[in-house]
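Order as written gives the chain letters A, B, C, D, E and F; numbering starts at 1 within each chain.
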Amino acid sequence: MKILIINPNSSAEMTGGIRAAAEAFAAGDYAVLCRATPGAPEFIETAEDQVRAAPGMIALLREHERDCDAFVIACHCDPQLDVLKEITAKPVVGIGEASMKIASMLGHRFSVLSASERSIPGKEALIRSYHLEGYLASVRPIPGDWRSEDNVLAAARAALREDRAEVIVLGCAGLAGMDKRLQERLGAPVLDGVACALILAAGLAKYGVGTSKSGRYAMI
Amino acid sequence: MKILIINPNSSAEMTGGIRAAAEAFAAGDYAVLCRATPGAPEFIETAEDQVRAAPGMIALLREHERDCDAFVIACHCDPQLDVLKEITAKPVVGIGEASMKIASMLGHRFSVLSASERSIPGKEALIRSYHLEGYLASVRPIPGDWRSEDNVLAAARAALREDRAEVIVLGCAGLAGMDKRLQERLGAPVLDGVACALILAAGLAKYGVGTSKSGRYAMI
Amino acid sequence: MKILIINPNSSAEMTGGIRAAAEAFAAGDYAVLCRATPGAPEFIETAEDQVRAAPGMIALLREHERDCDAFVIACHCDPQLDVLKEITAKPVVGIGEASMKIASMLGHRFSVLSASERSIPGKEALIRSYHLEGYLASVRPIPGDWRSEDNVLAAARAALREDRAEVIVLGCAGLAGMDKRLQERLGAPVLDGVACALILAAGLAKYGVGTSKSGRYAMI
Amino acid sequence: MKILIINPNSSAEMTGGIRAAAEAFAAGDYAVLCRATPGAPEFIETAEDQVRAAPGMIALLREHERDCDAFVIACHCDPQLDVLKEITAKPVVGIGEASMKIASMLGHRFSVLSASERSIPGKEALIRSYHLEGYLASVRPIPGDWRSEDNVLAAARAALREDRAEVIVLGCAGLAGMDKRLQERLGAPVLDGVACALILAAGLAKYGVGTSKSGRYAMI
Amino acid sequence: MKILIINPNSSAEMTGGIRAAAEAFAAGDYAVLCRATPGAPEFIETAEDQVRAAPGMIALLREHERDCDAFVIACHCDPQLDVLKEITAKPVVGIGEASMKIASMLGHRFSVLSASERSIPGKEALIRSYHLEGYLASVRPIPGDWRSEDNVLAAARAALREDRAEVIVLGCAGLAGMDKRLQERLGAPVLDGVACALILAAGLAKYGVGTSKSGRYAMI
Amino acid sequence: MKILIINPNSSAEMTGGIRAAAEAFAAGDYAVLCRATPGAPEFIETAEDQVRAAPGMIALLREHERDCDAFVIACHCDPQLDVLKEITAKPVVGIGEASMKIASMLGHRFSVLSASERSIPGKEALIRSYHLEGYLASVRPIPGDWRSEDNVLAAARAALREDRAEVIVLGCAGLAGMDKRLQERLGAPVLDGVACALILAAGLAKYGVGTSKSGRYAMI
């Protein structure tokens, strides 16, 4: 089994981090191929960034449609998830949808940590589109530099205490790799989207089910 | 890795069917232990049936808490899921929650096929408790004998055509084993709860996350 | 007319308090029989506590099904309400459902005072299951010892001021008897679940209506 | 104890029917005073009808505020319920709110039978304002002459079979008196609003609670 | 084209302010007629105030039904909007509904500034009746004298910062005229209800559409 | 004042129809510029079609950002509305959002007529994203050739009768021009998205308000 992980931005560094986390999680059970999106912005923050990533993402999926068994979109705002679900009948999993739906199975409410304040309203709209608003404790911005693990920890602690979150969702693929250390320090489940998406992508591929082609995602 | 599948009823026949489906799905990737619940009714239909199954289910979980890595409740009404999530920090997955949350990722709306008309309102309440009512096309009773694959097919076809369902969820563990043949005949994804629950139970165990112990499911 | 009040825990002290409040409220208009649940925990806090109370509660109801006209479950988390509604066609009223639905008729939003922080998420899930989340100002924990009337008053004041609650619901049968003094001091309605449940149980028995047996609560 | 029942229309015949049903229900446990509204239309159907009834309803309440212990508005669209709740601190109960909130305690879903097709959208808006839409099976018009018990029965049967209602709510005060015969023939609970409102009005008056004066219904 | 603006209260001063704002906005593109409501209270704050305004509002609409092309209700609680929509087939626009639905098109969430704390719960109920609660950041009371522009500014700033509002809605017709200065100082859209209602009333009249007469607002 | 209408597809015929309808509606009150989108598909039906239209739409907006006062997206699925709202501070109005929010002001519930069955689930998701699901009677496919006015009429009649719609929304820009004739034949309001969007775009431009730049649509 081989899973293509599409990083919707063009950052080699971020792609490397995602690849490392994905390979560590897959642990040889299946192959993972991790690719940056050609022509996409360096970081996905705005709605325009998301559509600018679209052509490259579509091209990557089409290039690998035959040789891969499932596809992961490795940006927590799940850019173009609807488009890719439409293009192929094989499983396509967004790290946002995967991590938040799994979070809803592990506790009463979850919080999402966001790399930027700017992304919060968009994340709220995404959460509502997944009918998850009733499970949401908060979308919390990481104060200061979001790459600092201490800052992420501070946001997570605030979510647990002030918002009564019971599960923490890392709201950016760039945070991949911090989950286990944070979970240890917090004493509460911490979910990285890439790991969650791989659970579902590999599981669905194994099970032999994919996106329904009989309605919203029908091919024409 | 070893996963305990608790069949909340005491039927040896149904337990055998679930075990066969589970072992076929696991395909040797991990061990599955499938147990009927001592002292439980032969079939779970009413709310009283669910509480009558509770002591045996709790005993099974406690007996295997150490040697198993995750737990599956193999009845589509997810009896005592809250109780078992509370008792252990390891993953506990209900086949109802697992199959319906996965269904929500594969299409716009799903239908659940129910073995009995009597169970429909209870299933609706369960679906709402998972915040999935916005994804629901219908809960459809299987006409006539629910063990007949043709009857299940008829209900599924009606759900696709009349209710605009895009994904079919088999709403009873007793239907395990029919999924692939039905999917072939329908041309739409058909989800068996046991397979869906194993995807999540094995994935969560591999990932090292379980139910949050910091709020609703805290141990005292 | 005779109403059986089932205290789902086994505490004689709490049963005595509930009995005293109930008899004072009934004021001779009808008889009330108040019983602790044999085999149940001393206090109901967790989901497991609730199922451990089930066998004794079912036995109490069956023992008195003929000679009583209505049944009240006197724990604010309404344990096994669905089960008891299913077993008998006579009215079964939970003090949680009764007090919160009455609260929704007396003001724009209500707050529930909770004896323990641990119970808050479970209460929130219960409130949603009654479709009352739109009426909810907050579930507030009583700070310190929940048996202290001053602590209850402090939580109620905070709910009125900070959460803009307009009605206070005492979220534990153990608070029975404080309602009138608190109402006096607060200047806002304070509802005790036992009184609210008796209003409905006696009223429904007088009216000759009970749980519908044609769907969710049908007997088989 | 004395309860004033305000019939918001000016029909002497309808007032007589309501009075008879109310006195039969009260059965001497408390006094009921039943008054038609001076200056109101003969029948309340439109939004304009409702505001035309307002001055007379306010006058009736003010006239009896001291000598009555609770107030019932005997029209199923609950005209001016907010206004009367605002004017007095004593309990004010609308037959629509009372019957539908009680219905929500007796089954999974209820249907409301409406005397006119014209009233259906307004009833739906009212039901949503009470946060009861999740409990609603349907609002069904009574076919033909709504005063014919056979026609009401036909609508109720359709609601039970086609809409999966479990409880029937009579959606017009003019249907008072049919409840018991219909319940007998249907085998499912049938709720008359006047009886339901009296349960709550008498119960609240006995309990000594009324509308909160600390927010939405504060007097200025 | 001529638009009648009905100020539901009887204050000549407030009517003058509304007229000035409306004429400035219309800028000669169409005629505006602005009238206070005879027999109405000086200020609309309570539910009773709203029904006291009804007869005069109905009379004004009937007086001008022929010579005007559209009607605006210039009080942010939209008193009697349903009644006036029912009486005429021409467009009737409430400044509350118009401003809040337009706000929902200009940002993720809006806040409404309220002239009085007393009005907040009523405004929340109104917002829910328009299905806008998902767009609501907050209803904020203006601290101190609500006629002071600095106080309004303070409330708006708090809404933007603390409630993450992106659009400000002036929740009282008495604030008409402040919108442009506040918008300048805040750097975020500020909506006056009268301007918003005129956009829609004039637009609908130009388009030749009005309230549907085939259901909820049918004339009998 | 000048308004740019962006037709997100590349069909010259459809652009001509939209232009004609828009100019007729504007009636010289303001200038309208109507442009097809270079590089876009001939018809927008799928999610992929929508992203393929994005670059051309962005280019059109940027080309005209200075000389136009407001922007309209003339496809009923509102493709890239979020992106264009983000790019400019001037008003951007989608014909889907405009027509459906206006419909919500003219009746209890509206139906949307869809040119293709394939588009229904996507339209439902869009409607939910606007929080309009509570106002929705149905999304109805036009049977047979959607360009036939008789077929559109048949779908509208079914919506009024069977779904209790009170307002009809034409769910495709290609239906522009049929609104008045259909309204005449149906006796209920029929809304064309282009007219509705022009009402709002021209009104907002006149008012001097546009998309908030302080949150979800902030420029970076």
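Operating definition for what follows: a contact is a pair of C-beta atoms (placed from the backbone, for glycine too) under 8 Å apart; a residue touches a chain by one contact, two chains touch by 3 or more.
In this text the structure is predicted, and so the values were computed from the model without any measurement.
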| item | value |
| --- | --- |
| Any chain that touches chain F and chain A | B, E |
| Longest centre-to-centre distance from chain D, chain (CA-based) | A |
| Chain D and chain F: spacing of chain centres that average the CA atoms, whole Å | 43 |
| Rounded Å distance, chain E centre to chain F centre (Cα mean) | 26 |
| Centre-to-centre distance between chain E and chain D (centres being mean Cα positions), rounded to whole Å | 32 |
| Chain E residues counted as touching two or more neighbouring chains | 108-109, 120-121, 125, 128, 134, 164, 166, 215-216 |
| Listing of all chain pairs that touch each other, if any do | A-B, A-C, A-E, A-F, B-C, B-D, B-F, C-D, C-E, D-E, D-F, E-F |
| List of chain E residues in touch with chain D within their complex | 45-48, 50-51, 54-55, 58, 80, 82-83, 85-87, 118, 120-122, 125, 128-129, 215-216, 218, 220 |
| Of all residues in chain B, those that touch chain A in their complex | 25, 27, 29, 91, 93, 97-98, 101-102, 104-109, 130-135, 160, 164, 166-167, 180, 183, 187-191, 195-196, 198-200, 202-204, 206-217 |
| Chain E residues within the chain C interface of the complex | 120-121, 124-125, 128 |
| Chain A-facing residues of chain E, complex | 108-109, 134, 164, 166 |
